[in-house]
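Chain naming follows the written order as A, B, C, D, E and F, and within any one chain the residues start at number 1.
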Amino acid sequence: MPSVPPVEYADAGPEVRAVYDDMMRTRGTDWINNFWKALAHHPPTLKRTWESVKEVMAPGTIDALTKEMVYLAVSATNNCEYCIASHTAAARRAGMTDAMLAELLAVVGMANETNRLASGYRVDVDERFKAAR
Amino acid sequence: MPSVPPVEYADAGPEVRAVYDDMMRTRGTDWINNFWKALAHHPPTLKRTWESVKEVMAPGTIDALTKEMVYLAVSATNNCEYCIASHTAAARRAGMTDAMLAELLAVVGMANETNRLASGYRVDVDERFKAAR
Amino acid sequence: MPSVPPVEYADAGPEVRAVYDDMMRTRGTDWINNFWKALAHHPPTLKRTWESVKEVMAPGTIDALTKEMVYLAVSATNNCEYCIASHTAAARRAGMTDAMLAELLAVVGMANETNRLASGYRVDVDERFKAAR
Amino acid sequence: MPSVPPVEYADAGPEVRAVYDDMMRTRGTDWINNFWKALAHHPPTLKRTWESVKEVMAPGTIDALTKEMVYLAVSATNNCEYCIASHTAAARRAGMTDAMLAELLAVVGMANETNRLASGYRVDVDERFKAAR
Amino acid sequence: MPSVPPVEYADAGPEVRAVYDDMMRTRGTDWINNFWKALAHHPPTLKRTWESVKEVMAPGTIDALTKEMVYLAVSATNNCEYCIASHTAAARRAGMTDAMLAELLAVVGMANETNRLASGYRVDVDERFKAAR
Amino acid sequence: MPSVPPVEYADAGPEVRAVYDDMMRTRGTDWINNFWKALAHHPPTLKRTWESVKEVMAPGTIDALTKEMVYLAVSATNNCEYCIASHTAAARRAGMTDAMLAELLAVVGMANETNRLASGYRVDVDERFKAAR
């Protein structure tokens, strides 16, 4: 059970409804997932978080599918069950195939392994990497 | 100072040299970075890790640049200084621009934020996400 | 199912009962939560952990409610389901309202975001911050 | 060296200067720390992040000092060197004493310990905690 | 529900069956756990991961039981529910008693606590530790 | 620079000196490392942490070397620079060879990899693992 009661559309005030409406319009969907219904308990957090997500996830020099896969990579690294579930769904909607999921998670696993090898051996950063921008 | 002395090419045995040679050939470079010189202290780890990285990072259904950006996203999430430095360099070599770096880190930051909001509010996974593959 | 059978009061030896009694007295409650029943399988861990928690969480220059909110902030960052559940309950008992929970998690989310931006961009620590105590 | 060149006030465009000005005015300071100079390379990230931080860190039902201490608690948990340095400084400016720092870090340490005991023992969430809001 | 359908032995192709057979032979068991059935969806990941695990977990200068306990220590630190469950079972098969589990988790908890105290206080690495190999 | 001035033996009060003396006697050394000098700023934290570490790290059903290696495994997973340095030194004093360090870090790396594969694929815990104690 979530820490605050989820806010359903029917019970929402105008500030929350405006965010829900924009969310469904932007995504082309007709429902709101539980994450946002929890945030809606505190409308400023709902509005700020949604506007930030909308801005950050919009296609730019990186396309929408790649952004969703990066989101999933971070969520798998942090072991966030809700986020893995929701961003796997989002990445699939954006075009991620089973093979792409497998390759993505292989990279995530490998990065998590070599991160600890580098830290555990206390490897010095190469001068060339320090200088590089 | 690293926990084990780095193994330079000149001092390496044939097993380590074979890996170093394959690494430089595969990457089209003429030097070995400190991470591998530390692993070389234990040749089976060097060989296994390199072969795994080579297999995982090869372009497949996900291209090489995207894979490097995912590697960087994981390393930034884990706050691994060496890995952030080396994979920023690798991603730039593969074509990542300043604008792409900025968009990538914006997604990484946002994912780390919403991961904690989802966990902190104990949000239930939506039935649609559970069912989705 | 936990990795060890929980130790109920009725089945506990005198060393465990003494800790349980002190815990209920200190907290003004009449039950023991599952965390302690697991630790009770190894009485020295139960006793040491309880005495440490009791000392650390006692009001001092920081009040009890703030300490509980910090505990929850750490648990949300680590994504520990049990700990989020138990410390949300503890913070509420100490006076945390829905609005405070929302503000707390907003700070936790923001800190987790900017932590990765600072690491990902490899930002140098400002001289003024190094010098500051 | 950071991954992008820091943007100094003298070299900044009007969009970045507007954020820098608001930041110094809000904080009552006359300098910009390195974190923001890195973000300024991508003005939309600078603007969005600053506005979010300003909103989230403003005193509300939780006071400014407590919010800074929570920020520091998260940064210590994530082991983010830059963030620990900058938010220790910010918390001290807001009134954190040495004794408060010690008590804060004691809670952070204890929470990180018991988080792993709860996870490691696979403790079931108590029914009372599930039901509680 | 996992993100990909688990691959059962009866439905597996020869490449996957070869790995499953080697796994059961190496472990002296007659079943495959869900982790591998998920990886089997992408046979190269299954094969590479199994061969790496088999090599890394084989007794060497560190015995098999100690290696399993280290695996469990990492999994508890990362709060990975599946991994804690599977490696608790593996460690028990290798000889870990209840008392050993309790001592192991006590070390894991303590290390997670002092890690944050060291980071939070920004403790300088002692010269003797820098020099030591 | 640490967040609080380190407390040297010569400047320490009797409560801190008593801990320092016990620490040097227990370890058979004649110096105090920086971690404890930072904690000494808050004597109750120094005393509580030292007594906990002494109890937890004493040989029991798990020997002292294994405990030090587990401490190092956790510290590498958390990427705590100070802790990796100090516990590598401690493990070496307790008998860890270069080969053992290499095998230890290989297990740590592998566990961090498979932890993310298990989470990322949302693998269901096998019934046999749930039932097992």
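Simple rule for what comes next: a residue touches a chain if its C-beta (ideal position, glycine included) is under 8 Å from a C-beta of that chain, and two chains touch if they have at least 3 such contacts.
Everything quoted here is computed from the prediction, not taken from an experiment.
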- prompt: Looking at the contacts, which chains touch chain C and chain F alike?
  reply: A, B, D, E
Query: What is the graph distance from chain B to chain D, where chains are linked when they touch?
result: 1
Message: I want to compare two interfaces, B-F and A-B. Which one has more contacting C-beta pairs?
response: A-B
Message: What's the rotation angle, in degrees and to the nearest 5, for a C-alpha fit of chain C onto chain E?
response: 120
Task: Could you give the separation in Å between the centres of chain A and chain D, each centre being the mean of its C-alpha atoms?
output: 20
Field: Computed distance of Cα centres, chain E from chain D, in Å
entry: 33
Field: Numbers and ranges of chain D residues touching at least 2 other chains
entry: 1, 3-4, 45, 49, 52, 56, 77-81, 85, 88, 99, 103, 105-106, 108-110, 112-115, 117, 119-122, 130, 133
Query: Can you name the residues of chain A that touch chain C in the complex?
result: 3-4, 41-42, 45, 49, 78-80
Chain C residues within the chain A interface of the complex: 79, 88, 98-99, 101-103, 105-106, 109
Query: Which part of chain F faces chain C closely enough to touch in the complex?
result: 1, 3-5, 44, 48, 52, 55-56, 130-131, 133
Field: chain E residues touching chain D - in the complex, by the definition given at the top
entry: 72, 76-77, 79, 81, 84-85, 88, 105, 108-110, 112-117, 119-122
- request: Using the touch rule from the top, collect the residues of chain A that touch chain B in their complex.
  value: 1-4, 31, 33-35, 38-39, 45, 49, 52-53, 56-57, 60-62, 66-67, 69-71, 73-75, 77-78, 80-83, 85-89, 92, 97, 99-100, 103-104, 106-108, 110-115, 117-126, 128-130, 132-133
